[in-house]
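Naming follows writing order (A, B, C and D), and every chain is counted from residue 1.
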Amino acid sequence: MIIVMKSGASRADIDRVCGKVEARGLKTHLSEGEDRTVIGVIGHDPFSVKDAFTHDPSVEEVVRITSADTVVRLGNGLTIGGDEVVLMAGPCSVEGGEMLLETARAVRDGGGHILRGGAFKPRTSPYAFQGLGREGLRHLAEARRQTGLPVITEVMTPSEVETVAEVADIVQIGARNMQNFDLLREVGRHPRPVMLKRGLSNTIEEWLLSAEYVLSQGNYNVILCERGIRTFETMTRNTLDIACVPLLEELSHLPVIIDPSHGTGRWSLVGACARAAIAAGADGVMIEVHPRPDEALSDGPQSLTPQNFAALVPQLRRVAAAVGKRLADPVRADTADAAVAG
Amino acid sequence: MIIVMKSGASRADIDRVCGKVEARGLKTHLSEGEDRTVIGVIGHDPFSVKDAFTHDPSVEEVVRITSADTVVRLGNGLTIGGDEVVLMAGPCSVEGGEMLLETARAVRDGGGHILRGGAFKPRTSPYAFQGLGREGLRHLAEARRQTGLPVITEVMTPSEVETVAEVADIVQIGARNMQNFDLLREVGRHPRPVMLKRGLSNTIEEWLLSAEYVLSQGNYNVILCERGIRTFETMTRNTLDIACVPLLEELSHLPVIIDPSHGTGRWSLVGACARAAIAAGADGVMIEVHPRPDEALSDGPQSLTPQNFAALVPQLRRVAAAVGKRLADPVRADTADAAVAG
Amino acid sequence: MIIVMKSGASRADIDRVCGKVEARGLKTHLSEGEDRTVIGVIGHDPFSVKDAFTHDPSVEEVVRITSADTVVRLGNGLTIGGDEVVLMAGPCSVEGGEMLLETARAVRDGGGHILRGGAFKPRTSPYAFQGLGREGLRHLAEARRQTGLPVITEVMTPSEVETVAEVADIVQIGARNMQNFDLLREVGRHPRPVMLKRGLSNTIEEWLLSAEYVLSQGNYNVILCERGIRTFETMTRNTLDIACVPLLEELSHLPVIIDPSHGTGRWSLVGACARAAIAAGADGVMIEVHPRPDEALSDGPQSLTPQNFAALVPQLRRVAAAVGKRLADPVRADTADAAVAG
Amino acid sequence: MIIVMKSGASRADIDRVCGKVEARGLKTHLSEGEDRTVIGVIGHDPFSVKDAFTHDPSVEEVVRITSADTVVRLGNGLTIGGDEVVLMAGPCSVEGGEMLLETARAVRDGGGHILRGGAFKPRTSPYAFQGLGREGLRHLAEARRQTGLPVITEVMTPSEVETVAEVADIVQIGARNMQNFDLLREVGRHPRPVMLKRGLSNTIEEWLLSAEYVLSQGNYNVILCERGIRTFETMTRNTLDIACVPLLEELSHLPVIIDPSHGTGRWSLVGACARAAIAAGADGVMIEVHPRPDEALSDGPQSLTPQNFAALVPQLRRVAAAVGKRLADPVRADTADAAVAG
């Protein structure tokens, strides 16, 4: 947050505003220009600052800390966080090379832009399928080579960051690791873009502070992903917090992706929530697609078939247009090699 | 829910399916046609039934209990629950005759279809403004007369149902009264349409069962209104459960309205969530509008100004079109007298 | 809350402290004694006041608004809120005269002090057993006559308050009606003691404000009852908020009862949670007891058998002694007629 | 869980019961004795099994998988999980050598058995004090040497497990890492006892499955610690789930510790909740103690002073006696060197 003082603001005015900021437990950093002074506000809970200073007679305006939104650019030129809406899709888990390729082709042909798929899977039970691990990463690399789709996949522990980032165009931090601070610092030291999922029961403030763990290490390519929060309601797996989209737009400069598959846990609700996400202003959606959901090793009930995914994309295109955005262009196969270079 | 048996289903098949239904604590009602038998399922938790019988070899299909959606029709011809999207708007509380008229005109001129405004106000503290009561009802009647807008307002206790329903085109049951069963029965005995808000921490199943309290007394004109649920998140007043829109479409034949004002508690988030609601398939939205939010006696922080409301309506029109619906036609002043007749 | 100023506090000090209080949206009322001034603080959120003024140099101390705790005294002399711990027990619903008498005798012989039993039952589904209504009240009156146990039973709607209070020694407001403000006002106008259950998802602040609805009408005999709150955990029916016991002791002068039957929903957990309640300082517990839990029309899984209840009472007696309290004396049958006189 | 078949159970009965178990997604393992067959049930959700088989005519009983409770034994002979109640106490963070020693002596002299103190601190904000790290570990080792108190401290990442376990008698997994599965596996491979805190919003089932991650690697010395869950209530930092104590006693053989400091976030509520924990049957409590809470670098508001801690211990001793347990014997200084050997 930056507080821009009015051009005629006196030293006493500046000191007074700084004092008010510091009284809230935040730090200040002055930038005194020829015409006016800008007070940088360091710390969290920017909403409180905004509310408190908007009407101060010597304050011109209160703005987010960057003048422009963060736009994450992948190796094949795809951008996340600008005017284009991106569709991430694929299976919950990489279950094998064949099924991944089949799904990846369906995702691309249906209009998806990024392939998702878990190689390392955080599973509640130690007896459940734990993912194919490094073999899964190889399948992802091959799927990218054959389809040109950039790849997003999860990393679960600091010692695997380098390995995962060799294959992934975007490294995902899962909901259960949102406050795994050593892991956050480790991906912060690596240049690969990071998508940080919100924890099941974490507040938006905690989420932004976890993003700061990554940013503070020098990696500014951070994407936020809302995937539903834990509430008392049991008919849906989680409760999708749609209001976080405009709220994060006010609070942060980072792109926001919505995951309606985990957000609802029911495939029949995914389409409506994906449309809602884009109508609310999200920079993209992440959707689980599986060629045979009934046979999926994980999360079958929330996976779309390729047919359902392909039928949804035109709906999303129309909603994007209704709110002044557009879906990103289809991926070209010849961009495959460039994908991970970003 | 209705289970439609296959045309060749035997008596034993029918008995078997009925037995399975009854084993779940539900009641059955047989309708034996010439060609096939239909089993009516009475009771709650229809999802469990659907999941259990969809794949039964002698079951043709499992469908919602009415072949057509409920469409609530008001006296001026406005319908809720069909292809048209309706906009309810107005102040949280009726604070006086002048301010209500001023707001009502702004709502109508901005494109709203129904005037909301609380005369009886359920307030957490006994020391807070409790609403103007019957005087507020008179202001609502006058506002309808002058603008032609049908009126929705809350009733809090069984003994006031008759009085409120004399003025209201739609009687609202507030979130805190969602399980005030005597009140639900009382509005169920009256012919006036009822909008039932979801309780702060009530599940969708409980909400539908509260609707059944009204329906079971013979009043079928019930509208559901999601207004956010209580979660751990504190940056928003409540968490708007957007997934309830497609979920209720599967579970119920009743129209669904979304209230993004209470759902978020911040006016700056209302527009995005209203767009999301319509993109998800809601039959309408309810939005708090106040000519001077800073001076509002209740809920100012979540109220739009008339200007902001008017600017939002064209956005909602575009999103409705993107999902194959359209906003209801503007209200004509000469329909005022007809409004409450429905 | 009362702020006691130091004896030497100046007029300026007093004005300053009043100003700080009023800046928090609270009202003040000055009592100027010969030696010192006391500032009455009217409104809610007393914790914020306590934290803010404890260290003020001109403030002597910040104390609760009454010098002594509220002690509710029933017609037979039993007190709630003093040094004695009371045990309320009985069936969820009054299912008939015989079963109620059988249970009432078992409760009294096992060491219970007050008979609970629902005549009017708030049920989520309109198709579930709704209680025996007025017939149930007659059974309760008869059980009191034969056993001497005072009776607590729920009232659901304003128009039944008079009828229920004719029979009940304590009128219960159920969790779903905690914010049924017309009902709260109505029991506030009646002299009968009221036990106000906490709503499923209501904060402690909201609960205390609902108590103020009763108190503000002149009925000061209010007992609070924690019965578990709604959370994400599904293995227990609700989550018993044990910390509310010491918290309410700081915030309020009202007696606090814990209901571990609703609080857990599992009979096997009731004993441990009842012991915990008394160890934490509760003024009593309310326990569901049914002669044949498997046949109960409601809440069987959380009901103790009479044998289990009788086995628990000595444990509760030992825990009460360990924290400096004692169980109330056993009820004498010849006090029956006096019971409701209070 | 083990299902013990009746002695006359036929092969068909055994197959039938196994089939019912497997139909719930669990695995079975038969142990056929001379007299009767025992069916081992592998997997989670033991309650569902218990409920389903208790009344089966050919089942004798359903019991927990170990005949005896797990008792964790430390190097100095102290046991956790038997008849003795242990008190863990100390500062949230190790802030320096002097303050730690001062606190450790106060804990021991006040009647505490184990010293807690964080060297590696998981902090929501990257800008908050992150703990002294390895320097903190050295202070803990020195405090143990001088006081004889065994030490518990947190490990945050797999690569530090070896280092932390060199100093810690018990290695703690914090709430935010409850589903950091790589970390769980790593402490599972080490022989040091592990205390696993429940996640802020994790169900009891998820918690037990996380414990299985440790157990499945061969480390059976696992202690569970409830520290409050995240709910809508804001007056307390978390909501202490007291019912988990008897519930875990039914579901698991692992010792259970309650942390009322994090569970409430207010020091004035800690004593009552510690008494409640022991009355409910907990194997111990963990309490934050700081010599000068107002100056604490973290969690001051929930820390007891040494004086308050010393005053609480006799209360806990009386409650333990009331439920048939006793506080563990005081720690002898000459056992210091033995402490970490376990």
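Please note the rule applied: a contact is a pair of C-beta atoms (placed from the backbone, for glycine too) under 8 Å apart; a residue touches a chain by one contact, two chains touch by 3 or more.
The shown structure was predicted, so the numbers you read here are calculated from the model rather than taken from an experiment.
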item: Topological distance between subunit B and subunit D, in contact steps; value: 1
item: Interface numbering overlap (same over half, different under half) for subunit B and subunit C; value: same
item: Comparison of C-D and A-C (more C-beta pairs in contact); value: C-D
item: Chain centre separation (subunit C, subunit D; CA means) in Å; value: 33
item: Centroid spacing, where centroids are CA-atom means, of subunit A and subunit C in whole angstrom; value: 47
item: Rounded Å distance, subunit B centre to subunit C centre (Cα mean); value: 35
item: Two or more partner chains touched - positions in subunit C; value: 201, 230-232, 234
item: Footprint of subunit D on subunit B - complex, ascending; value: 201, 230-232, 234
item: Subunit A residues touching subunit D - in the complex, by the definition given at the top; value: 42-44, 122-127, 156-159, 176-177, 179-183, 200-201, 206, 209-210, 212-213, 216, 230
item: Contact footprint of subunit A on subunit B as seen in their complex; value: 47, 201, 203-205, 229, 231-236, 239-243, 245-247, 249-250, 260, 263-264, 266, 268-269, 271-273, 275-281, 315, 318-319, 321-323
